[in-house]
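Some structures to go through are shown next.
In the two complexes below, subunit A is the common chain; its partner is subunit B in one and subunit C in the other.
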Partner chain A sequence: MNITRTIKYEADRVKGFGDEVMKVPGCEKLKDCIQCGTCSGVCPLSVYMDYTPRQVMELTRFDFKKEVLSSKTIWLCASCYACTCECPREIRITDIMYELKQRAIHEGVYPRKFPIPVLAQEFEKMVTANGRISEMPLVMKLFMKTDPLGAMGNWQMGLDLMKTGRFSLASEKINNREQLAKMFAAAEEKA
Partner chain B sequence: MNSNREELRIGFYVCHCGHNIAATVDCAEVARYVGTLPHVALSREYKYMCSDPGQELIQQDIREHKLNRVVVASCSPLLHEHTFRGATEAGGLNPFYFHMVNIREHNSWVHTDRKEATEKAKALAQAAIERVAHHKALEVKRVKIHADVLVVGGGIAGIHAAMTMANAGKKVYLVEREPTIGGHMAKFDKTFPTLDCAACILTPKMSEVGNHPNITLWTYSEVTKVDGYVGNYKVTVKHKPRYIVEDACVGCMECIDACVYKTPKFEDEFNEGLGKRKPVFIPFPQATPQVVIIDPETCLNLKTGKCKKTCVEACADRMAIDFTQQETFDEIEVGTMIVATGFKTFDAKRVPAYGYGVYPNVYTALEVERLVNASGPTGGEVITRDGRHPKSIGIIHCVGSRDKKTNVWCSRVCCMYSMKLALLLKEHTGAEIYNFYIDIRTPGKGYEEFYNKLLDEGVHFIRGRVGEVTDWAMTPEEEGKLTIRVEDTLAGYVRRIPVDMVVLATGLEPQQDAQDVRRLFNLSCGGEGWFLERHPKLAPVSTFTDGIFIAGGCQGPRDIPDTVAQAGAAAAECLALIDKGYVEQEPNTAFVLAEECSGCKSCIPLCPYTAIAFDESSKVAVINEALCKGCGTCVASCPSGSIVQNLFEDDEVFSEIKGVLAYD
Partner chain C sequence: MKYSYFPGCSLKGLGRAYEESLLPVMKHLGVDLQELDDWNCCGATAYMSVDEAKACVLASRNLALAERDGNHPILAPCSACYLVLNKTKHYLHQYPKMKATVDRALNAVGMKCEKDVPVRHPLDVLINDIGLDAIKMKVTKPLQGLKVAPYYGCQIVRPYATFDDQANPTTMDRLLEALGATVIRWPLKTKCCGGSLTGTIPEAGIRMVYILLNEAKKRGADCLATVCPLCQFNLDGYHSAVRRQYGDVLLPTVYFSQLMGLAFGLPDRDLALNRAAIPFRWRPSSPPPAPAKPPAAKSVAA
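What follows is the complex of A and B.
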């Protein structure tokens, strides 16, 4: 039996993390949480989560940054907004999940082979470079980075798509991409 | 200025109100500044002016410094004008030589900038100093109080208040809009935490009310008009036709048996629609008065005129049935009133996730009260709408409470009544009972002990607000059941719990027509629609209208002990007024300067209190001081400026404005 310490000391908190999240527009109402668990009760994905959405809210509020950002919960959230609709305190739980996902990516603590963060990153890279999304190259990249063998399992579907002219590996690009780059740069600077 | 009087000597006091004022206003600076103004003989700051030493200070200064005007800058006149007028009078001055400045509600509580707030306090103080110079000695008028009382609402609050006053020898009118008194309590099975049978403790009081020589009980009646003022209210009461001559009906119910509808067919309101009744019915066996009623919506004769009228035959010589009955009105005079119009329960359909109205086995708590009741639609047998005896029951707390999408408040009684129902259901069915709660709130005598009892009885408590109730089975044991999806927040797991019956602990809301009642009695409402007390701590049953008191669920959610205590308090407030015999009237009344009045009569129709009459002999308007409420409408409307209002005379108002503007 492997026994580890589970108690939390003040040193385990990253003080200010909760306040930072609660300052983000849309996340302020986390302060009002009464831990009733409605979010978990309605969440269709809570079936698979390590921490329930309610626990993620409490851990965030009390600065348990490491636990929250490395949880599976934030990546399992399918953004159905059921929790946000039902929350009796009008906390925008889905938006808080997005905020946490973003922070996990920035901190580089996301699960490397999990499709959702990889998709988010590849999506962003492609838009920045091309100004447009090309579905097939994006899906291919996603498969290569998360589950290369799994891609092979879908060969039949690929073949069918190719027959109907729906499968192209070409990347579409917009004109004047340098202007887009300027826009991104300007936005980045503002942020 | 005031050449006909002695030299003006104004005493000024600025109150710290602890930190309430002093934290935002520099009181020392205000006192220093006011001390420099003309005619100010003395200017002080003090921590609590309303305290005994504070009042003593005013009295002493009046005597020692020969003050003839007093100004206090503190809280709202609503709270302490009376106090300081009293102190002024005790010091030997006419109380109306006092003026009050509100630097708390109007200043320190609404500002954050200390410097600006201090400047504002100085300006307001200067205005008062200018104004008080023009104050005159006035006399408080006494008006007799009518000893009769009106109680509106015949629930446990109204019943208790009416009985208390009737036992003290007062004549009480009790008006109830339903066909019987009893209110919500009459529908309850047992009462927490003692599990007294609700009917056993309520119905004796109900029949006492019905038989009391000092109580005039008007059921199926509504107040439609209220005129007058404290001590002298005129109230119009409408009696809706019940198609029964109340004095002739003996409550034998033979007409019910004789009705052409052989079996009860129509939704029974008293049993929350779980049972059926006939068009002629009595709401429940102990209804007071013990008189039947005919529902015009379902009675064949009243609807179509074509009926054998077997009820009339059965009634025979008593001739208590009268299909020609119309609305009638009574006008009564009372001195004081108690509004005890109660609450309504939250409509569970507003939370669609819990499936009320969709799944037949989802019940509201009030329905379950009837279901477990021996005189209920099933005779106390707990049997679901689809005919099953439940083996497991889920009770969902906080339905329509503590939720920003519906009602934000805690309804206070649901934790306790849910636990009571849990116990009763367990006794009746032996089922496994689950309570789903956010927080268990048991602040009351014996309430926490009751919670402990439930735990000992093996009732389950799961801390989590239910996400949904569904009939969609995901596992074999969920087949044919209602499944409750909830996070057990203490264990940290989301669970699915199949049950046979779901009970929704619906919260309490203001009555549908609370706003109409509010306007009728000139009450105030909080943001949620509950009637507002004059002061949440120190005047909990008084309202902003003198002589009108509130009690029970119309003021906010509360349980039976609190309601009864409040009803007693409201009765005591009425008795205190009645036994004093008179009310003192603020002398802020208007009067006509007869020599200047042109007799144009334009003020007469404008007066909301019909206090102005026209004297034909002298051709001038005359104001009845007893009726005038000092609203000032006539003063503003008079084209010749010949109406003057005490405490708001032109030179008083203009000098006050001058004072504010003088400060920069």
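What follows is the complex of A and C.
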């Protein structure tokens, strides 16, 4: 029988992680968290999360880097900002989730085959290259990468979209893609 | 009144019924909309999950384009666009390091973003610039008897909205009342629709859609009115999945702009009502059948 330790040890911490996150503009107030759980209470998705938003706040603040960055929680956050608006300590919880998502992608520790981080990266790639999103091609890429057979289950939706003139495989692009590329390149230069 | 119109990718794609109905309605009200030339994707929620600095650069190109093209307020009908453009403005104000990165990027292509161009939502413009009185004057076919549940979703009221209340927004309620509709009071008007979760994690997304449809239907709504292409897509497009999991909760979801067009008497073909999976049919010219008059009444009239 496989058993797992459910209590976290001091030794699991990556010292300095919490401080690093709390230095990011917008994430400073995390230090003020009183663990009231309002964020978890108002979150429409906390019922599906491996750690509730309240737990993610505490784990982040106290350096449990591996736990938060590989959690599903940060990806289930749909950015509805209910927690950010309700937090009595004015912690920008949604923005902290974004910071954690970026770190998870940067370090390549997001849960594998989980569609949401895959979608985010495909979206980013498409917009960086074209300046715009083409919805159908994006959705198809997502299915190809995560659940090729699942796409078949959506035939009804495809049919509905065709019938209502909304199914398009065209690749949307801005004219001045060169300009956008120059901007990204300049942004990445060190100040 | 002149605005830089920022449609965003969805209003040219899955949410084209929003644009197709909003433009004639705004024109009917005398609003001058000039589409922002060569606008780019706002980045939505996905881009800033990957790289926030580049997300700000991306969004600020649109702000800079608007500044270059006359500095008229930006009209952003899509909730994600509205939020992201406003969020970027906040970041540029609050975080000097982010501002420096964005300035460096804009500088490299000879643009700038300094004039703090306002980013406005159509509901804001309709209520605060045009006004309900002017709107009422255009109503020729009041939506008498139509019960509408106004659904605002999350991103136009949280966290950057300035024109309405976060917990209980009322701009759309007041607009729908001005059109003659009956507004359904319900507690889920700002509850999240699930965003892209319907596609990525159906188990969660479909449940969120079901909760909204079910509550609106339970309260007697004939339709839901939305302000966001993703909300409309979720609430309209996933009925077969909802049926499989929870049973039928058939309820059409329309854009508020489509209802405005109907009340203004604009032709149906201008309102893209045929773009939805769940058809919305309502004719002001079909009141409940009048009780049959006794034949005697005819002779009196003669």
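For this structure, a couple of remarks:
The rule is simple: the second predicted complex is superposed on the first by the 174 of 191 C-alpha atoms of A that agree within 3 Å, B and C clash if a C-alpha of one lies under 4 Å from a C-alpha of the other, contacts with A are read in each partner's own complex, and residues count from 1 in each chain.
In this section, a contact is a pair of C-beta atoms (placed from the backbone, for glycine too) under 8 Å apart; a residue touches a chain by one contact, two chains touch by 3 or more.
This is a predicted model, so every value here is computed, not measured.
Per the definitions stated earlier, placing subunit B and subunit C onto a shared subunit A by superposition produces no clash, and the two fit side by side. Look at A:Ala185: by the touch rule set out above, it reaches subunit C but stays clear of subunit B.
Once the two complexes are laid over each other on the shared chain, residue contacts for A:Leu45 go to subunit C alone; subunit B is not touched. For subunit A, the partner touching the most residues, choosing from subunit B and subunit C, is C.
Shared-chain residue A:Pro115: touches subunit C; no touch with subunit B.
Geometry note, superposition on chain A: angle between subunit B and subunit C about the Cα centre of subunit A is 80 degrees, to the nearest 10. By the touch criterion defined above, A:Thr164 lies against subunit C but remains apart from subunit B after alignment on the C-alpha atoms of chain A. Of the two partner chains, subunit B is the only one touched by A:Glu90; subunit C is not.
For the overlaid pair of complexes, the smallest distance between C-alpha atoms of subunit B and those of subunit C rounds to 9 Å. Considering their complex, residues 353, 398, 402-405, 438-439, 463-468, 485-489, 492-494 of subunit B touch subunit A.
Within the complex, the subunit A residues that touch subunit B are 34-43, 46-47, 51-52, 54-55, 86, 88-90.
Of all residues in subunit C, only 9-10, 12-14, 16, 38-41, 43-54, 57-58, 61, 91, 94-95, 97-98, 100-102, 104-109, 154-155, 158-159, 166, 191-192, 194-197, 199-201, 203-204, 208, 237-238, 240, 274-277 touch subunit A in the complex they form. On subunit A, the positions that touch subunit C within their shared complex are 25-26, 44-45, 48, 76, 78-82, 84-85, 94, 98-99, 101-102, 105, 115-117, 119-121, 123-124, 127-128, 131-136, 139, 142, 156-157, 160-161, 164-166, 168, 172, 174-176, 179-180, 182-189, 191.
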